[in-house]
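Labels run A, B, C and D following the written order; every chain starts at residue 1.
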Amino acid sequence: MSLESLYQEIILDHSKHRRGFGLADVEGASATSHQRNPICGDEITLRVRLDDTGAVRDVTWEGAGCSISQASASMLAELADGMPRAEASVLIDHFREALRSRGTIALDEDEFGDASALSGVSKYTARVKCAMLGWVALEDALARA
Amino acid sequence: MTRLTSPILDAAAVRADFPNLAERVNGEPLVYLDSAATSQKPRVVLDAERDFLTHTNAAVHRGAHTLAAEATELFEDARTAVADFVGASAEQLVWTSGATAGINLAAYAIGNATLGRGGEAARRFALAPGDELVITESEHHANLIPWQELAARTGAVLRHIPVHDDGTLDLDAAASVIGERTRVVAFTHVSNVLGIVNPVADLVHLAQGVGALTMLDACQSAPHVPLDLPGLGVDLAVFSGHKMLGPYGIGALYGRSDVLEALPPFLTGGSMITTVTLDEAEYLPPPQRFEAGTQPVSQAVALAAALRYLDGVGMDAVHAHEQLLERRMRAGLRAIDGIRLIGDAPDGIERVALCAFDVDGVHAHDVGQFLDARGVAVRVGHHCAQPLHRRFGITASVRASAALYNTEADIDTFLDAVSGVRTFFGVGA
Amino acid sequence: MTRLTSPILDAAAVRADFPNLAERVNGEPLVYLDSAATSQKPRVVLDAERDFLTHTNAAVHRGAHTLAAEATELFEDARTAVADFVGASAEQLVWTSGATAGINLAAYAIGNATLGRGGEAARRFALAPGDELVITESEHHANLIPWQELAARTGAVLRHIPVHDDGTLDLDAAASVIGERTRVVAFTHVSNVLGIVNPVADLVHLAQGVGALTMLDACQSAPHVPLDLPGLGVDLAVFSGHKMLGPYGIGALYGRSDVLEALPPFLTGGSMITTVTLDEAEYLPPPQRFEAGTQPVSQAVALAAALRYLDGVGMDAVHAHEQLLERRMRAGLRAIDGIRLIGDAPDGIERVALCAFDVDGVHAHDVGQFLDARGVAVRVGHHCAQPLHRRFGITASVRASAALYNTEADIDTFLDAVSGVRTFFGVGA
Amino acid sequence: MSLESLYQEIILDHSKHRRGFGLADVEGASATSHQRNPICGDEITLRVRLDDTGAVRDVTWEGAGCSISQASASMLAELADGMPRAEASVLIDHFREALRSRGTIALDEDEFGDASALSGVSKYTARVKCAMLGWVALEDALARA
């Protein structure tokens, strides 16, 4: 696989213009999660609010990390907004399954939007944790909310 | 690799997989009956390690580069394979440098808990003066001295379960030795001198009855009988790669998940932490918490190959084959004048193919030398079980131990040689 | 095997001895610049281990049979060879499973002395609350966390010697940190992030002045510079086989004879005792006292082969060659826009061929991935030195490290790749 | 090397009819030494008296061990009797040197008497300690006397 298919334009773009970046006030937030990747020292803090209908709102985050982890969190913030909580959980499960598939399951563009560009990561086992970081944080935050 | 479906294996075919068995010793074909000390290794194991080192070698768990990622995958696949072999899951399997290191890990982790390390969760392991650690009289020094030292460091008391004259454990005594103050019961699955399979379920039952932690030394069972460690109900267990067709320098500690979760670390260093400052460190969950520093990566890959080989032959077939050898060896020795078998329990007691014995009037060392001249490699000495030898009134014995690659002809050569010992040294008839 | 008498070695000839270097990665020839993590192994090392396993394999030190005697001889010859390589004698060399295990051995042995083990002789190592252990800010976690834990177990206090902005040790600070209450000074010979050779003599002088024990982490010096550990005057030192062309799962602890004589054991079990009863054990003198259980025998033999190989090439030639690579790499990196070298001490400071750096605007992980696509294997992350990275305001860096088998062409390929990083990721110019 | 050349008749004989076996009374003895071989658990206790001229007298011993160690102690007890102390020390040094020579140095019959039959042991590195046991005990006892 070529480097260009791992680092697609859209990934580099999200890693530079990070959607949801900058943590919202804790007031009004339903839950916060802090996650880190001990291998590279990357960290993320992610905050989420559930609205009256139980839908995911205002996914905001902060953290330092490689372009894959930053882009992935950015894409997630955009994608999850407005999603019913249960749907978000399913989304995260599907994402994990595809990323762990060692390239055998692609991320569907209809389901994952921009994040479908992360399909290539699943061939790089050492990078899967980078791409998962924000998603694990959202999963954890939802579990606490 | 040899794959057989028959319950009894084809020892000749298996032998062909072990290059070392073709050696000659003192001009005689090698009859290797020292597998309880260390086993020979099949070609697939040597190849697995060399392949790894020549194609994939790189440090694991810490690299973005392709070699490191491949090495990490092989290493973690090996963990799953070894865990599988003993019925466990990968998170329950901690790599160690061998069984001795695994038992020390447990003893020191408990010692660390006693000194307040590991926080709230570890408090259940902390020992108070007068608490008791229980072992058996038939332990290898590896499952004895670490507990002596732990007792000496903490003020705990070491007690032991005696063995009967026939080598079986005295379970009545066990029921009274294991009591209120017992915190750990550490015992061997199979003694490396007696060859008898201990009644694990009974001991686990007694230990659980008083809330004591159990540690099983599976060194001499893992290569010979199908193992299901979670099924046995023990909290912790250890085994060594080099005794089960694998390389030196690797072994494993199995632990129940809740026990490993709560134990504080033993060795500390790289790759077992999340955040480190100059003042303190936070530790990863098990198994990584217990794996400080660069692990024996190529050895892990090779050990997995060894266990796949054993699985290919089939542990049931291995066991059945070795039972044949065991009966032949024991019956043959019983029939030779002047031989006293150590712990010669009645037939029907489950055993592995291992006999330790004393030759009346001839020192074990001389017996070993005599057998060696005939190409027969056995072990002589106390086999790291001095208390057990003392119990039987001797300081040394001769031990023959077989493995899947031995044949009935090996046993016969051995017996024939043994029957000439006393004549050569001018004792007896 | 390659033998050269010229002071500068023939890297192409050396390369041919390393099968792994012929691998291709992502379609590109492998440029392996991750030797500080683990080195590649020459064919003679792989052969030595395989020869041992296929011809001589047997448990050492405990057998009367021929194989066991041969194995024991090879094993003890290996000890002498490895001791020789660092200027020590065989009794001063303790086998360990690696450097991490060696440092833990020292820290736990001191902990055991503190708990009253080892009798009269060991009392000099016992720590009292408020006693101080000193490390440096640039230690690998392996030479940091064991001392943190020892401090936490004993009430001792851990202090550190800071580094200057250029990565060199602050010796003025060292002189004030090391004082009356200092009992141990543990420091690395060469940091695995900075590559700078620390002033061992100065630190030993300060430590001896207050009667403190010294522990040298020689992991990153042993493969690269001629070593004379007794000459350096340290009390203890460790190194790892896998970083010096040898196998995984083996390393050594060197100790001054009087220190090893007095230290209580750490790991306990078989082969390190004289007399064992159910209640207590008497221990052998060093080095055996510290070698419990089956040792990594084939790995010892292979490590000896690795060091004979290095001696064959000549450590002076290795050092001179690597100096060339070091200068080329550092000069090249300095010339690339947006690169910040970590601890870029002025020229003239002695170093090994290792550079860690930060690329402005691109995360280390991404840099590693980019280089990997070009066949260049480097390490990214904190390299088990989080405190040092924090000191320089970063969490991760990219590290390129060379060994005797790297060529100037390797360095150029690496530099060329690095110079393309920022453009690819769309940062900078 | 054949087993018969290791276990020569004279060795087996000494191992069965052990000269000096049975420890003399501590009274009158100049020194006692206890030695053991941790590998096989063999032990020896050896006692020696130095007479007015400083010559070695009454080497007696007890212990269990293999035929090599028993024969070697027996031969030594016989050989050392009446020997000036310094000569005994030289004898022990020569014995050690030959036994560690891996078969390259033979024990001279004039110097070693019956013990010269132990030359073969030096080819069996694992047995050298057995043959040395009594000699190390005498060396140690002389050092203490």
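Structure notes:
Everything below uses one rule, namely that a residue touches a chain if its C-beta (ideal position, glycine included) is under 8 Å from a C-beta of that chain, and two chains touch if they have at least 3 such contacts.
This structure is a prediction, so every number in the text was calculated from the model and none was measured.
Among the other chains, the CA centroid farthest from that of chain C is the one of D.
Contact tally for C-D versus A-C: the pair with more C-beta pairs in contact is A-C. Distance between chain B and chain C, defined via averaged C-alpha coordinates, is recorded as 31 Å. Chain A and chain B have centres, each the mean of its CA atoms, that are 46 Å apart.
Rounded to whole angstrom, the centroid-to-centroid distance between chain A and chain C, based on C-alpha atoms, equals 39 Å. Within chain C, contacts with two or more other chains are made by residues 62-64, 68, 273, 275, 365, 369, 380-381, 386. Listed for chain D are residues 39, 124, 127, each touching two or more other chains. Taken together, the touching pairs give a contact graph of some other shape, not a line, ring, star or complete one.
Interface of chain A with chain C (complex): residues 2-3, 6-7, 12, 16, 39-43, 64-68, 124, 127, 130.
Those residues of chain A whose C-beta lies close enough to touch chain B in the complex are 36, 38-39, 124-127. Chain B makes touch with chain A in their complex at residues 61-64, 68-69, 72-73, 273-275, 284. Of all residues in chain C, those touching chain B in their complex are 19-20, 23, 25-26, 30, 32, 34, 37-38, 40-41, 46, 49-50, 53-55, 57-59, 62-68, 97-101, 103-104, 108, 112, 115-117, 135, 137, 140-142, 144-146, 148-149, 152-153, 158, 160, 240, 242, 247-250, 265, 267-271, 273, 275-281, 292-299, 365, 368-369, 371-372, 376-381, 383-384, 386-387, 390. If you check the complex, the residues on chain C that touch chain A are 362-366, 369-370, 373, 380-382, 386, 389, 395-396, 424-426.
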